[in-house]
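Got some structures for you, see below.
Two complexes come next, and they have one chain in common, chain A, joined by chain B in the first and chain C in the second.
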Partner chain A sequence: MASLYRGRDRVQLHLGMLPGLLVYVLFGIIPSVATAVISLTNYSGIPGLPVNFVGFQNYVQAFVLDSTGLLGSIRDTLVFAVSVTVIQNALALALAWLFTKRYPGRAIFRSLVFMPAALGVTVIGLTWALIFNPSGGPAANLLAVWGGNSAFFGSDTWAMPLVIFVQIWANLGFTTIVYLAGMNTVPGELYEAAKMDGASGWRTFRSVTFPMIAASTTVNVLLAAVGSLNTYDLIYVLTDGLYHTNTLGMYMFNTAFEGSSNLGLAATINMVEFVITFVVALTLQKFLRRREEVLG
Partner chain B sequence: MKHTARLAGISAIAITLTGGLVATIPAQAASSNNVVNLITWVNPPAVAVLKQINAEFEKANPGYSVNYQTTADVTGGYATAQQTAVQGGTADVMGIFPFQPLPYNMTQNSLSPTQLWAVHNVFAPLSGQPWVKQFNPSIMANAAYKGKDYGLVSGVYQDGVFYNKTIFAKYHLTPPSTYNGLIHIAEVLSAHHVVPFFDGLQNVGPLYLQFITYPLLQDLWLPKVGDVNSALWSGKTKWTDPAFIKVMQREKTVMRYLEPNFTGVPWQAMPGSFADGKAAMLLDGSWDLASVVQANPHVQMGYFPFPGSNKASVNQSLLQPDLTFVVLNNSPHKAAAMKWMAFFASPKIYAQYVDATGISPSRISGSYNSVASRTLGKWFGNGVSLAKIFPQLPGSGSYYIQPKNWWELQLEMYQGKYTPQKVAQMYQSGWDQLGK
Partner chain C sequence: MTTSPSLRVRQRTAWGAFTLAALIAVIFYLGPMLYLLSVALQTPAQFLNNPVAFPHPILWSNFASAWNQATMGTYFGNSVLYAFFSTVFSLLFAALLAFPVSRRYVRGSQLIYLFFLAGIFLPVGLIPLFIESRMLGLYNNQVGYIILHLQYGLTFGFFIFVGYFRTIPTELDESAAIDGCGYFHYMWSILLPLIKPALATVGIYVAINVWNDLIGPVVFLASNSLYPLTRGLYTFYGSNQSDWTLLAAGVFIVAAPLIIAFIALQRYLVAGAVAGSLKS
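And now, the complex of A and B:
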């Protein structure tokens, strides 16, 4: 960069970056560092009340006294994140592949898939809560036709799969569009060559399309993984973290705002969430980037 | 020249954006001193009547206005709004649940956020306001600390059993006065494929098992130990007490007669479903009565206290103090907030609130005519205070002793994961750790 921009250009560059940098520092760096610091205190959020340094007391509380909650929450988070990342990407890839074909109603189908991206989390949550209301909701009525019944979001068995389903439904459109954009950049000659070589549809997808959209895969997998590791809003609306859906984000929220007044403990849970997200994101990024280089 | 103009342009944009950002952060909207920012959670009848009261306040006090904000429920969303109000001064009058009784060993970890605010001067004292002495001191004590009143407790709701008189008449049933009588009614109704009890746990969680747990605690444990809260904190009793194990056993039995899949039924659907005749009895608080009648004005509804024991005389109605208004000490419009409180407390306005919500009044005198007063009859405003029967659980500590998690074990007991004895042992084990 230094070699490209000199003198006034360099000043302009730095000035142009200033507002964005300020936003990043104010709303990204400072809160992150503050969270780490708060996790070592007994901060309660009460104006005027002294904040004391308590060392690793909150970590002891989280990992020893509250181990039932924390370990259960880590398990729920991993189940949720892995399921969402894998299923969402597999479905989006299949849909994007379908959207590259020409058939009647394709535009409508594409709009329907993308539609949930325009809806707010609360609207999505309440809509699905109504659909899966065991007392007269459409899903319960449908299940009753076959003599079945379920508590759905109030069931230990079904709450997590349903929350995963709703999360995927809400984000599938965006992921599909990213894959579709990637597929549209694959040169047509490659498909023609594959066709001349007699490659089947699956073989063409596996050996041409999929390697060529490696960058889209990286973006989608990372976004889905990081996004799902931090999810709490949808879960808050659907289950409030009950029935084995208590992800770390939800657990932190409940610790901070329901029952406990120890924001230091909530910050500690946030730090655990941060470390997991950081490790997963770095590992995935390293793996996916290497894959891009190999395939590229 | 071209370069200089471009540099100047970019600089101007950068400075404007940066300056704008910096200026925005500490900025607080300039506001008049005559605005009252009020926040509460949503209880539909209460919200509707508060809007009406606010309009009357504005009419009676020209130049004053009320900015009323609500959140969908009393859990996470409202807790966040409260934290913001306490830290950022975004509300002048805030709705809370009363904070008494306080735990015996008051530490930051053992106090709930509301309790912590109460003992650290976040709320402005109301003692000395002329209207305070017109309210029942025993009810106002639920929001008092060290001799000072900090909240206007708007009244008490009643937990109990609301029954459909038409269904009861059809099967020749009368309100029971004992636990065995209650189970007999549930058996008769089940035999006729009628759902005996309705309760919805979706989104509010097993906390709504309280309509079974609280009366059982009151009828079985309270007579034995006196004040459950004091007895537990002082070590006079333990969670492993046979009376508490019996509470868990009976709770499990009653849960078997709830509507199918009750854990997934939204709590908001309770009044409407009962009004529709989906169950013969609704386990609920009297705050939902207005919604029941709104859903079906023709429903014939009666009330009896949940009979937890087989000794009819100890089965009492349960009183829960509810929405309590506090003025925040960091309120930028404290005088206007106090004016609103005085207006709310005035006889005519307060009566509007009582009649619309069905709450049992905390004002010493007044005449009221609500759905609740008619339905509850002799029980209206009479019963045992929740403060005596349920211990103050610590905000943090052993997992299952925390308020939100305490209820989870009971659901797991119902699902067969733990026996009532095991649940009692797990509570006691967590309780023992508090003292360490």
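And now, the complex of A and C:
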């Protein structure tokens, strides 16, 4: 087979592969691995400053000297990621189930829910900042009906739940589409059988649909968990990590690119983020795959 | 995505499901967009007193003011440039890499595939990327910004194309070679047109991804004149925090092409969502 391309064609075949490999090594592999190396240096964002190898000094800084900052950030990350993963999947399952029914406008409703996939964090973040404008607007008016008021994204109690809400709002459509694709592969005979047995809608969902879409659940839970553990772009727009929304990604970003621009310390925070993501992803994957085997 | 025929048999119009789906879609998804548009058409005076009411009088000039004050023309041009070139080149590089690997035409094909597979589990190294961008002269310039955005489309495209090329019979390669069709020519005029559906799906995903990137322009760009729409809008927000009618018009200007693109390209996005999720 390999002899199909000879001479100039063979050169072209290899030449064509070069840019792709180069991009992958330079901008995929090297940065990925280099984070660990930079976490052992005092690299700063200011050009011209000397760079020294400082051993585990950044780790001591993060875990001991700044431990309240890091622990708070880990807590924020876990609160955010667990809430997003659980609620987003529960809502998407319910919504996908609604979208398997037959009624007018179904395609339009589905499109509306999926639309944020194209909008991006800037439009999404600013739109919700407008709706949750503390000095007037739909959210403030609604809250005023109950006699309340809030700074919303500028409030210690409300910022995190709202950031979780917007993150779910943005990704619900994607998760729903994946569940819907799974539900559409469930053989109709199973539903016929469930109906014959007189199973209720909820019973049918629990005993037929949900076990049959185990593969979609695995994908959705993993994507939501890994995605939310690493989210900071949306948070950057909504709160910039203030008011207890300082996820590890946000903490890393602000340490690297705002104020002190301490790249070495930021890389260390990034390493903590990687390790947590890795452990969570591995554990979830193991659990969900085993679940698939049991159900399949 | 339509309901499978077997499901359709037992279904009558489900009005309960209709009500719930309609409420969620209209209140939570259509509502925010309509409110954004409504505020964009209001006078500052109305916004202060009664922002939730229908705009009266309708103030169309917010759009022109936002466009001019935020210099959106420049940002828009940059966004088009960045999204277009990083998508085209990443897809081209991905196809040129995926074809020999998919066919095992080169030694180490399996190794390259595994090498890319391993990358899925590797994290994005934003800080090293920032340092690299400075070392390689990619920081704060347009070509550099495009190069720094090739990686995403390359990997996503690589996996989709390796699978897609397998559906094209190898006999085609042979007959092209016998006819004396050079490899680059064969790729450009035969193979790429054949994988058009895959190119469209991946391309649209990549283009939207690059277009919407906000962290990239914050980290890799410093000059206002190089900003894409995302960072331009964000900067505009920073300097007009209280001027919401103007801001809403700005957000809407940025959102409108995305909404139109979404409506036109939705089926590709759905295909990409399903393909991307099956990959992992």
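One rule holds for everything that comes next: the second predicted complex is superposed on the first by the 264 of 296 C-alpha atoms of A that agree within 3 Å, B and C clash if a C-alpha of one lies under 4 Å from a C-alpha of the other, contacts with A are read in each partner's own complex, and residues count from 1 in each chain.
Simple rule for what comes next: a contact is a pair of C-beta atoms (placed from the backbone, for glycine too) under 8 Å apart; a residue touches a chain by one contact, two chains touch by 3 or more.
Every value quoted in this text rests on a predicted model; they were computed, and no experiment measured them.
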Partner chain(s) touched by A:66 [first = chain B, second = chain C, both, neither]: first
Contacts of A:152 with chain B and chain C, given as first, second, both or neither: first
Which superposed partner A:141 touches (first chain B, second chain C, both, neither): second
First (chain B), second (chain C), both or neither touched by A:12: both
First, second, both or neither for A:127, with chain B first and chain C second: second
Chain B versus chain C as contact partner of A:106, first or second or both or neither: second
Chain B or chain C, by number of chain A residues touched: C
Chain B versus chain C as contact partner of A:242, first or second or both or neither: first
Which superposed partner A:114 touches (first chain B, second chain C, both, neither): second
First, second, both or neither for A:55, with chain B first and chain C second: neither
On chain A, positions contacted by chain B and by chain C: 8, 12, 16, 19, 23, 26, 45, 47, 133, 236-237, 253, 256-257
Touching residues (chain side chain A, partner chain C) in the complex: 1-2, 4-5, 8-9, 12-14, 16-17, 19-21, 23-24, 26-35, 38, 43, 45, 47, 95, 98-106, 108-123, 126-128, 130-131, 133, 136-138, 141, 169, 174, 177-178, 180-181, 184-189, 191-192, 195, 216, 219-220, 222-223, 230, 232-233, 236-237, 252-253, 256-257, 263, 266-267, 270, 273-274, 277-278, 281
Sites on chain A touched by chain B in the complex: 8, 11-12, 15-16, 18-19, 22-23, 26, 42, 44-49, 61, 65-69, 129, 132-135, 140, 149-156, 236-240, 242-243, 253-262, 265
Chain A-touching residues of chain C, taken from the complex the two chains share: 1-15, 17-18, 20-22, 24-26, 28-33, 35-36, 39, 47-48, 51-52, 89-90, 93-94, 96-97, 99-100, 103-107, 112, 115-116, 119, 121-132, 134, 136, 147-148, 150-151, 154-155, 158, 170, 173-174, 177, 182-184, 187, 208, 211-215, 218-219, 229-231, 233-234, 237, 244, 247-248, 251, 254-255, 258-259, 261-263, 265-266, 269-270, 273-274, 277-278, 280
Footprint of chain A on chain B - complex, ascending: 3, 6-7, 10-11, 13-14, 17-18, 21-22, 25, 75-76, 79-80, 83, 86-87, 108-109, 111-113, 115-117, 120-122, 200-206, 259-266, 269, 273, 278, 330, 393, 395-400, 402-405, 408, 415, 433
